[in-house]
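Below are two complexes that have chain A in common, paired first with chain B and then with chain C.
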Partner chain A sequence: MALLGRICLLLALAVCAYGIGASIYGVRTGRWEWAVSGRRSVYALAGILTVGFVILEVAFLRDDFAFNAVADTSSRTTPTFYKAAAVWSSQEGSLLLWAWLMSLWSSLALFLTRRRIRDVAAYATAIMLGFGGFFISLMVFYAQPFATTSPTPSEGVGLDPLLRFPTMMIHPPMLYSGYTLCTIPLAFGMGALLARRVDAEWIRVIRRFAFGAWFFLGIGILLGARWSYSELGWGGYWGWDAVENAALLPWLTGTAFLHSLMIQEKRGMLKVWNVSLVLATGTLAIMGTFLVRSGVLNSIHAFGGQTLGVPFVVLIAVLIAGSIYLVITRREMLHTEHRIDSLLSREAAFLANNLVLVALVFVILWGTYFPLISEALTGQEASVGPPWFDRYTVPLALILVLLSGIGPVIAWRRATLANARRNFLVPIGLALATLVVLLAAGVPVKPFALAMFCCAAFVFGSISQEFFRGMRARSAMAGEAPPTALVALVRRNRRRYGGYIVHIGIAVLFVGVAASTSFQHESELGLSPGQSSRVGAYTIKYVRSTASVTPDYDSSSTQGGRELSAIIRAEPGVTLGPDTARTGATLSLGAVLDVSKHGRHVTTLYPSEGFYASEEPTQGSVGHLIGGQPVSHVAIDAGVTRDVWTAIAPNIETPQLKRIVTLGNRTLPYAHPGEGMVAIAALAAAYMKSPPQAQFHLIASPLVMWIWIGGLIVVGGALIAIWPAPSVVRHRVRARSRARAEQGLASA
Partner chain B sequence: MNPARKRTVRLVVALSVAVVLASALIYTSFSAASPALTPSQLVHEAQPGRSYELTGTVLAHSVSRDGDVLNFSVADRATGATGAAVPVAYTGTVPDPFKEGREVIVTVEKQGGEYVGERNSLITKCPSKYKETPASEKQSS
Partner chain C sequence: MEILIAILALVLLVVVVLVISAPLRAAWGSQDDVVVGRAALGEARGEPLKERADPDRARAGPAGRWGGSVSDQREPAEERAELEAEREAKYREIRDTELDYRTGKLSQEDFAATDGALRAEAVAILDRLAAVERDEDAPTELEDGPRPRGA
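== the complex of A and B ==
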């Protein structure tokens, strides 16, 4: 099978080479059958890579450790769900996923444009196949997904326990869909410049793909934040980590583009700007992939240093140089049709939004790559921390949220005073009322947080007003009941009202961010059973310890397994697995925490830490069973008003517990992990008998849930906006019937 | 002023503002940045009151807890136990993979003879077990 996989890759490379040649030859000579053939080679590429991806996925599911990628990132004891997701945790597998998703999305894009802008599409085909060829070359020459070892190892290393989290299944494909979709507008943008056809047509073609890229990247970022919050033991959702920033950058330029695009469509302005944003978004997406995959920067997601740096740097340099060259040589064609009439206009608001977004991009880009910049300039590697990022991004985010309330209601071209009064009276009133209520309620005066709440209220006011006015107008004109009118209004103007809902979602999300960062209470301390600690208004008591031991996944099916289970069950206080999070931890030690507020019981939480087996014989027959990386399984009481977040780090290094491990290592054979498990059960029992002091990390932060709710509102709004409008369908039907009528006339 | 001239003036003003803001940003990034140093470099270069990003491996048998403070020593990655080791007193979140022998990054400040870790600045690099095979091996395969 590995051989077939390798053949697939070579074939894919050949298809890319052919397709690039055919498309360029076709468009240069005007022999369009060659361009069509080039387009079809993208479909062929998608087919071949699908076969390749299926081969690798099957190898993971069948525990085929002959594949290096499988042996490095999966194991028999890895739960099946995570075996399937382990494909993209390996360097090779993730490159294959990238190339595969790119070929699928490119095929879709080219299929949908098969009857339009054929010259632009032909160049775009060549560029897309260029990306495909690049990634496939990496897999052929550097990180080979189908590399095998002989003899076949009997067991693999296993998936990193940190990655055993349900969203691991969808987070990487979402993020990679976003990244790969970013390259489609880039390909068409370059195609349009190369073909010297920079009219509105190519913008219309890529609009949906740019939106898709923005949508999937956004979901990927959100899921990543969620993972960080509920799996990593630090209780935060955003840390300005290089890898997080890498995904945020193209999302920000994509956001800017989706806005400035509307100005080009409506007023024929900002053409150079738009094409630059498209090229920047694609380049940033490639840079993001590079950053994640090359390990050039320190990150908690350091996926391993690799030799992919040089090829990626070359690709990025080519992209940047090519973009600049194309924009400069074609600038005459990109002249604007109008000018901004007034600074008080929707165009100006959109332009301001773009400038703020680009400023954010600049800040984050500079901060992220600062270690490299600093080393290049001063010879000394240095980095900037989260406070530096916050100093610039917080004010910019405030302006951005405010603009998201101004943009939708301000008039095009030139807003008059009367018009401004009509549109902004309610939102400003609402913002001021919010401020008064918050201050009266005794909310601590944190200027940035309060400003963010007021901005959010402003957005809510201005957008609700838009909905209300639209509904009232429609209700009056069509004589519909207000709820029907509202639904009809949104259905007829999906892009507009979907966009408004996205704005509301962003405002809600930022309220959650501002509240949870400004009004958070945190405590980090050691507790023994019976002791308690205060976090904000909550008292958290360590009631008792818990321990569970999971021998293996099929311990009940064999005679030996059943006997073993009986021994473990007989240990006082020890439960027989599976571990609470079902991620394959051998041993998990935890705590029962009683959370109360003003003496009243609120909830009971069960945080734990999972200890995983490693494949290092040096750790001994017992030691290796818990010698892998321990992972926190945090316990959260999520609520509408606040989250109580708890994590535990139990101490298993006490002399008494260490003695059990040493004794077991000396007496028990390595080859029979079943016997080693008895020692682990004894260790768990000893731990339960006299639990040593454990370290706790306790956080009470308000309104965290609104970050996720805001994210869901954004997703919902985006889905409404992206759905084909009924008018388009109608339009097509009408066009068809008109064509038929014309035919009828001609024949008559 | 004619419209074309007005536009030019406006463009120049906007660009100058952008340049000023960008320079401020770049300037602060250099002054706010903490240089990345290895323990042996830190011992020689550290000045009190300035923060440094210390990278190295946690020395064996050096980890101890004193209330909320986690004490450990960081040694050079290359020389390990034989080279210089810097004692760090750290408070805040300790990542799960933190262990003796693991590679860590922590922001520290010199206070007297001691190095105090900035709260929640401790990062653990992926343990070797999960690292990709070294580049040299990979290329030859």
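== the complex of A and C ==
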């Protein structure tokens, strides 16, 4: 079937080339049947790539190691769930996923716009197919997902253990959906500039896709953060992974665009700014993709080979140069119809919000790409750490949260001082009350954290006031009961109130970030069974060690299996079966931790570290069974007020344990892993009998849960905002009179 | 196995060609009728035969050096859709302004001024919409040419 896969890629490349030509020919000559044919090329591309993706997915599920991609990133022992998702853990498979998702989203966008702005859509079709052609070319010439090897290997390398985490399976498709959706507004933006049709229509067309990109990117970033917190060892908000930082960039410019497009819709302003934001968002999405594909930065997501770097750099250069050229040559058409009437207006607040978001983008862009910049300028790779990011991002985040409370309570065009005073009374009062309560409660004086809590209270006050006043107005107008009025209010003004809920979610999320950063207690130390340590108000005692061995063969049918079972029966502390995290680790060593507060038992935690097999024969018949990258399986007691986070790094380098491995390597045959597993079981038994001191990483952080709750509120609000409005009865209004217009307004 | 793959590849190719070429086949299929129709219409107007029989020229014009398209004149349906979208946006803006007023963000004077201006803009859009709909209701002339299927 690999041959069919390769044929699919070649056919897809031909379809892209044809579609680009047909779309441009159609729009340039006015022969629209060619433009329609170009659009249908995108549908065909989606179909072809679906076939290709299914072929690769089936190969992974069937353990078809003739496919290089399968042999490199999967194995028979990889759990089925992770096998299905291993497709996008390889360079080749992830390129195919990117191109496939892009073709699906592009098809949807072009189908929904098939009767609108056909000239813009024709150019957009050519640009989307250009992106498709680029990624398919990479798969044809550089990283071939359907490349095979002969003879077929009997076993694969297996999925990187760090990626064996449930949310990691959804995280890449979400992130890729966000990235690929970002290219749709970019394509339509460029299309509008090329077609010289920069009225409000193209903005209306792309709004939903820009929102979709923002939504999926947001979910992807949140899942990545959750994975980093639970699996990677949590390096703080900027030390988690460069790729997650890169994904944040288009999300921030997308957020800026979603706000500023409202100004263009309502006032015909900021056309240059908006089109620039759209082009920047799409380009940053491609840059994020480049970061993963090229392996230029150290990341768990990055793929080693740097062969794809040059084509990506060329694409990014073309996008940047093309965007600048188009905006400059079309600047006359992008003139603003109105000016900001007053600095005390929602337009001004949105503009300030845009400036803060773009400033954040520059800071994160510089910090994330600093290793590349440093290497280019000095020849030495250097990086900036969390303190550097915090210095700039914390003040900007404070202003951003504050603005998210200011914007909703001031009117478009102009607000009077009297109204502003009245509208800010409750939010400011709530912010001050929060400060007083926190200080009275003895919360340590950490200025930035306290400022963030007050800003969040301000946002909560302003948005709650908005909901209350809206509900009261609706209740008075329609004579509805308050709960009914509230639901009707949100249903009829989804964008507005969905957006307000997003603001609350962001404020809640920042409260979690500020509290968990400022009031976190952390300790890294070595403990032996029976010893304990204090982390904040918590005492954590290392009660005893744990060990589990996962045989990958029928343990009763071989001599080695019977010996293994006998050893494990003799040592009750060792368990035979899957490791607690169920990720297929050969050996899992951990600890039982008793967590107490002021002498009262709080919870028991079971952190562990998984040791995985490697394909490195030089490590020996026993050594290779645990010679892969060890992965920590964190144990967390999560709560509404605080999280207790624990990780263990057991020491298996003691002379006694090393002697078992060395002896096994010398005496047991490499070809029979079952025999080697006997030595692993003996190692586990020896570890349990006299556990050496293990290294622990212990963290007690307040309000971490609110980061995830805030994220869920953002998702909920975004869903309300993006959900289509109730069907509006469309009247063919023919009347000219103002009275008829008002009648139309009443029915709208 | 190779035969099966060859058959599957062939089927895929045929399906792709059929999907992509459908609008072209539809346009080419109806082209002869259009030429005959155009010729008949031109004859009635006394136009030279050569110009009448060139459907491409009738549809297409010179494009810009780089960018733009030949049809800066939009189809009535497209224009109507755009105006309807503008109307809905204006209605939304009027509703938003009213909500701003009722939730205490706008003073009575500011609301009256803004609301009046927005309603005047809404009436202007309705006027344009009515004009487009009148044009649409008028008998369609043959020289509009065939509309591609699925466009």
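One rule holds in what follows: the second predicted complex is superposed on the first by the 687 of 748 C-alpha atoms of A that agree within 3 Å, B and C clash if a C-alpha of one lies under 4 Å from a C-alpha of the other, contacts with A are read in each partner's own complex, and residues count from 1 in each chain.
One rule holds in what follows: a contact is a pair of C-beta atoms (placed from the backbone, for glycine too) under 8 Å apart; a residue touches a chain by one contact, two chains touch by 3 or more.
This one's a predicted model, so the numbers in the text were calculated from it and none came from an experiment.
Colleague: Following superposition onto chain A, is the placement of chain B relative to chain C best described as a clash or a fit?
Modeller: The answer is fit.
Colleague: Who does A:D119 touch here: chain B (first), chain C (second), both, or neither?
Modeller: Touch partner of A:D119: chain C, not chain B.
Colleague: On the superposed three-chain arrangement, identify whether chain B or chain C touches more chain A residues.
Modeller: C
Colleague: Give the angle at the C-alpha centre of chain A formed by the C-alpha centres of chain B and chain C in the superposed arrangement, rounded to the nearest 10 degrees.
Modeller: That angle rounds to 130 degrees.
Colleague: Using the superposition on chain A described above, determine whether A:G47 touches chain B (first), chain C (second), both, or neither.
Modeller: Touch status of A:G47: second partner only.
Colleague: Quick check for you: in the superposed arrangement, does A:P371 touch first (chain B), second (chain C), both or neither?
Modeller: Once the two structures are laid over each other on A, A:P371 reaches chain B alone.
Colleague: Give one of first, second, both or neither to describe whether A:K266 is in contact with chain B, with chain C, with both, or with none.
Modeller: Only chain C is touched by A:K266; chain B is not.
Colleague: Using the superposition on chain A described above, determine whether A:Q695 touches chain B (first), chain C (second), both, or neither.
Modeller: Touch status of A:Q695: first partner only.
Colleague: Quick one: minimum Cα-Cα distance, chain B versus chain C, in the superposed arrangement, integer Å.
Modeller: The answer for the closest chain B-chain C C-alpha pair is 22 Å.
Colleague: Let me check the overlay on chain A: which residues of chain A are in contact with chain B and also with chain C?
Modeller: none
Colleague: Which of the residues in chain B end up touching chain A in this complex?
Modeller: 7, 21-22, 25-26, 28-30, 32-36, 53, 55, 65, 67-68, 91-97, 105, 107, 120-121, 123-127, 129-133, 135, 138-139, 141
Colleague: Of all residues in chain C, which touch chain A in the complex?
Modeller: Residue list for chain C touching chain A: 2, 5, 8-9, 12-13, 15-16, 19-24, 26-27, 56, 59-61, 63-64, 66-71, 77-78, 81-82, 84-89, 91-97, 99-100, 102-107, 110, 114, 119-120, 122-123, 126-127, 129-130, 133, 147-151.
Colleague: Over in the complex, which chain A residues touch chain B? Could you list them?
Modeller: Chain A residues touching chain B: 68, 72, 91, 142-144, 147, 157, 160, 162, 232-235, 298, 300, 302-307, 339, 359, 362-363, 366-367, 370-371, 374, 380-385, 387-388, 391-392, 524-526, 609, 614-616, 628-632, 649, 695, 697.
Colleague: Quick one: which bits of chain A touch chain C in the complex? Just the residue numbers, please.
Modeller: Per the touch definition, chain A meets chain C at residues 1, 3-4, 7-8, 11, 15, 18-19, 22, 27-37, 40-41, 43-44, 47-48, 51, 114-119, 122, 193-196, 199-201, 204, 265-266, 409-416, 418-419, 422-423, 466, 469-470, 473, 477, 492-493, 496, 728, 730, 732-738, 740-742, 744-745, 748.
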